[in-house]
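Next up, some structures in structure tokens.
In what comes next, chain A is part of two complexes: it sits with chain B in the first one and with chain C in the second one.
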Partner chain A sequence: MKKSIVTIFILLVVSNVLFAQQKYFTRSGTISFFSKTPVENIEAVNHQTSCILDTQTGEVAVSAQMKGFEFEKALMQEHFNENYVESHKFPKATFKGEVVGFSSLTFSDETPNTVEVKGMLSIHGVDKQIKTSGTVSKVKDNYMAQAKFNVSPDDFDIKIPKAVINNISKEIEVSINLQLEPYAQ
Partner chain B sequence: MHNKLITLISSFVLLLFVSQAYAQDDLLNLLEQETQNKQSTEFVYATFKATRIINSQSVETTAGGNLNFIIAHRFGKINDGWYELWGLDNATIRLGLEYGITDWLNIGIGRSSYLKTADIYGKLRIIRQSSGAKNFPFSAVLFSNVAENGMHWSEPDRVNYFSSRLSYASQLLLARKFSNAFSLQLSPTYIHRNFVETKEDQNDVLAIGAGGRIKLSNRVSINAEYFYQLPGTNSEKFYNSVALGIDIETGGHVFQFHVTNSKGMIEQYFIAGTTGDMFDGDIFFGFNINRVFTLKKAK
Partner chain C sequence: MNKKHLYLIAIVLMVSYSLYIAYSMYNKPHKIISEQAVDYRVSVDEMIKSFNNDEANANARFIDKVIVLEGTLKSIVASENPLSIVMLEGENGQANCEFSNDDLNLSIHQSLGSKVFIKGLFIGYDDLLGELQLKKCTIISSDFKH
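Coming up: the complex of A and B.
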């Protein structure tokens, strides 16, 4: 009996080591996007982006409420939600993918590592594989992550009426900035 | 032997159970759970496309730091026929400016060619429809105006007071966005006129308005409104105001085209002073153009 208890205990410890995944999390990350045309520049920021990173597998997931994007002009914000991304139908933008080779990275002195990130970006109900490069550094217990990539409204089935076709860029630059803290289960 | 087997199996089951507890294979689901734990309040936006449903005020306000320039026309009666080009030869106009001091407080001024009237008003949002952490089923807005009739005195020989030119309208606007496509508003209204033409006319008029919209697409909606004057509060020569229209939104503009039996474009005139009998063909074609200028940008 004693033996079996010990066995169970050892097994538990082993399984803990095997399966305890180290995760980092934030719900206050920043995503901004920028559309530049000769007619006008459009910029929006979302400060309530949530992200979770599994440092063992390099897997990462990002989620942002479309209504959380703030614009300079109130009317733009209303039209963004109502007419373009249709937030009532598709309330969130998500990304699910991986930081390639995360486990083999070494972190020292807050030096940023350049990494490749790839995965599925989902906006306006449309999924698209994307690949981009970013940086990750470790500051004390937190991971700081940044990435930049371009998206096209057309790829996500976001229709732009002819009247404003010159006001909205075909390539919109998206920047993401995260400070990930250890995730308490 | 038997004992050992049980130990082995139970250990295995335990191992499986523990591993299950740790392996949250889908990170997105985990994120979903995390964000649901901390629910925020979501305020309803765009109950209507413009600050007017058609003639009347909607619960929408001009956003803080924005200036809304509203050009409104009502043409002549459609039943005037060919000679007046079905009313297009005769237009009355109202030019209006509306400023958002904040998102919840607006002030506005306007000038109507009809009865050469100037008006000034304020609009105060009391509560917004919301869901999530804080749930509230409708939006409520207070509206109040003063209008000054600038026509020459009909009897200049009489002693006329400036105060006789003034009239007031106050409304409580209650609206709910039932779905993305459908919104409905109720507008209890109190109108006071300092001076009325005849004994039969009353100084105070009570009315209740109902208005709504159905969206045909993201940028186009059909709107309708009706104001019912409570019996005995107004002279019977005035009809209830009816209007049917279409809103078209293009970037910075909202175009509103409509037909109505009211010629006036301020509350005291269309709610309590509509002379057009719709069933007699007294229908006016008209439009409002809303153009918003961002004077102060949000930080």
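Coming up: the complex of A and C.
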């Protein structure tokens, strides 16, 4: 009896440790987006992006507050929040998906692995399935993840007024940069 | 000076004035949050509770508002220069507070573990990690009435 209790206890501790090590996270990831037109270039950055990655299943979730995006010009930031993404109605952008085949990746010498990421991107209350490639490398105990992809305001039902239609690109380039550390609660 | 000249001068003045207005609107500066009036003074736990009770309601109430948040200074996460993230902790949750390094006094390290008040712009509740998020933060004196 005593033996089995000890065994169960050890199993619990071991599984707990394993569980703890398979999840990685950040609360200070960076997402930036860039719109390039002959009229003007617009860039915004969010440095408080959160992410949780399950290295066993490859599942990944990312979340960023719309109000967390900082523009060079206050007026652009105001238009972005109030008129385009309506951040009072839809305060965050999220992504839920997977890094395909994450558990079979091998990590050595900080060399980046090219990976495929797919899942659901939600912006402005609209969900859209996306697929992109990115890189993941392991530096000491952390995973460094990067990806770049294009989104179109049209796909997320974001209406750009005619007056500024030439100022905002049809394809916005989104870059994401995450340094994920072991998740311990 | 004839009428034609007067018209011309008037038009030039009007055009340059509207250009000036448009230009200053285009370049209007960002709000300096540390100088803005405070909308809410709350503790980390009170805010976490509001979000657990009714997230939509709490969003409408707090997002884009200037908040003075009370909590225990837990850690300082140096992130991308020139920014740092300061974690403020309550009993039931924590807040992710973004500081410009210019606004982050080095003496803050001595306050780790103490109760502090952080003023910042509330940008939202991150349900992934269960954390409040503030940006453009400054530490104000440890007096709620400040």
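Rule of thumb we're sticking to: the second predicted complex is superposed on the first by the 164 of 185 C-alpha atoms of A that agree within 3 Å, B and C clash if a C-alpha of one lies under 4 Å from a C-alpha of the other, contacts with A are read in each partner's own complex, and residues count from 1 in each chain.
As a working rule, a contact is a pair of C-beta atoms (placed from the backbone, for glycine too) under 8 Å apart; a residue touches a chain by one contact, two chains touch by 3 or more.
No experiment lies behind these values; they were computed from the predicted model shown.
Asks: Taking the superposition on A as described, I'd like to know which of chain B and chain C A:47 touches: first, second, both or neither.
Replies: second
Asks: Regarding the shared-chain residue A:59, is it in contact with chain B (first), chain C (second), both, or neither?
Replies: Touch partner of A:59: chain B, not chain C.
Asks: Give the label of whichever partner, chain B or chain C, reaches more residues of chain A.
Replies: B
Asks: May I ask you to decide whether A:165 touches chain B, chain C, both, or neither, giving the answer as first, second, both or neither?
Replies: neither
Asks: Please work out whether A:73 is in contact with chain B alone, chain C alone, both, or neither, and reply first, second, both or neither.
Replies: both
Asks: With both complexes overlaid on chain A, does A:25 touch chain B (first), chain C (second), both or neither?
Replies: both
Asks: Go through the superposed model and pick first if A:139 touches only chain B, second if only chain C, both, or neither.
Replies: A:139 contacts neither chain B nor chain C.
Asks: Which holds for A:83: it touches chain B only (first), chain C only (second), both, or neither?
Replies: first
Asks: Would you tell me the residues on chain A in contact with chain B in one complex that are also in contact with chain C in the other?
Replies: After superposing on chain A, chain A residues 25, 27, 48, 50-52, 61-63, 67, 70, 73-75, 81, 88, 94 contact both chain B and chain C.
Asks: Touching chain A in the complex: which residues of chain C?
Replies: Against chain A, chain C makes touches at 25-31, 59-60, 63-64, 77, 79-80, 83, 85, 96, 98, 121, 123-124, 126-129, 131, 133, 135.
Asks: Enumerate the contact residues on chain A facing chain B in the complex.
Replies: 3-4, 7-8, 11-12, 15-16, 18-21, 25, 27, 48, 50-52, 54, 59-63, 67, 70-75, 78-79, 81-83, 86, 88-89, 94, 96, 161, 163-164, 167
Asks: Residue numbers of chain B touching chain A in their complex, please.
Replies: 3-4, 7, 10-11, 14-15, 18-19, 22-24, 26-28, 30-32, 34-35, 38, 40, 42, 45-46, 63-66, 103, 180, 218-219, 249-252, 292, 294, 297-298
Asks: Contact residues on chain A for chain C in the complex?
Replies: That would be residues 25, 27-28, 30, 47-48, 50-52, 61-63, 65-68, 70, 73-75, 77, 81, 87-88, 91-92, 94 of chain A.
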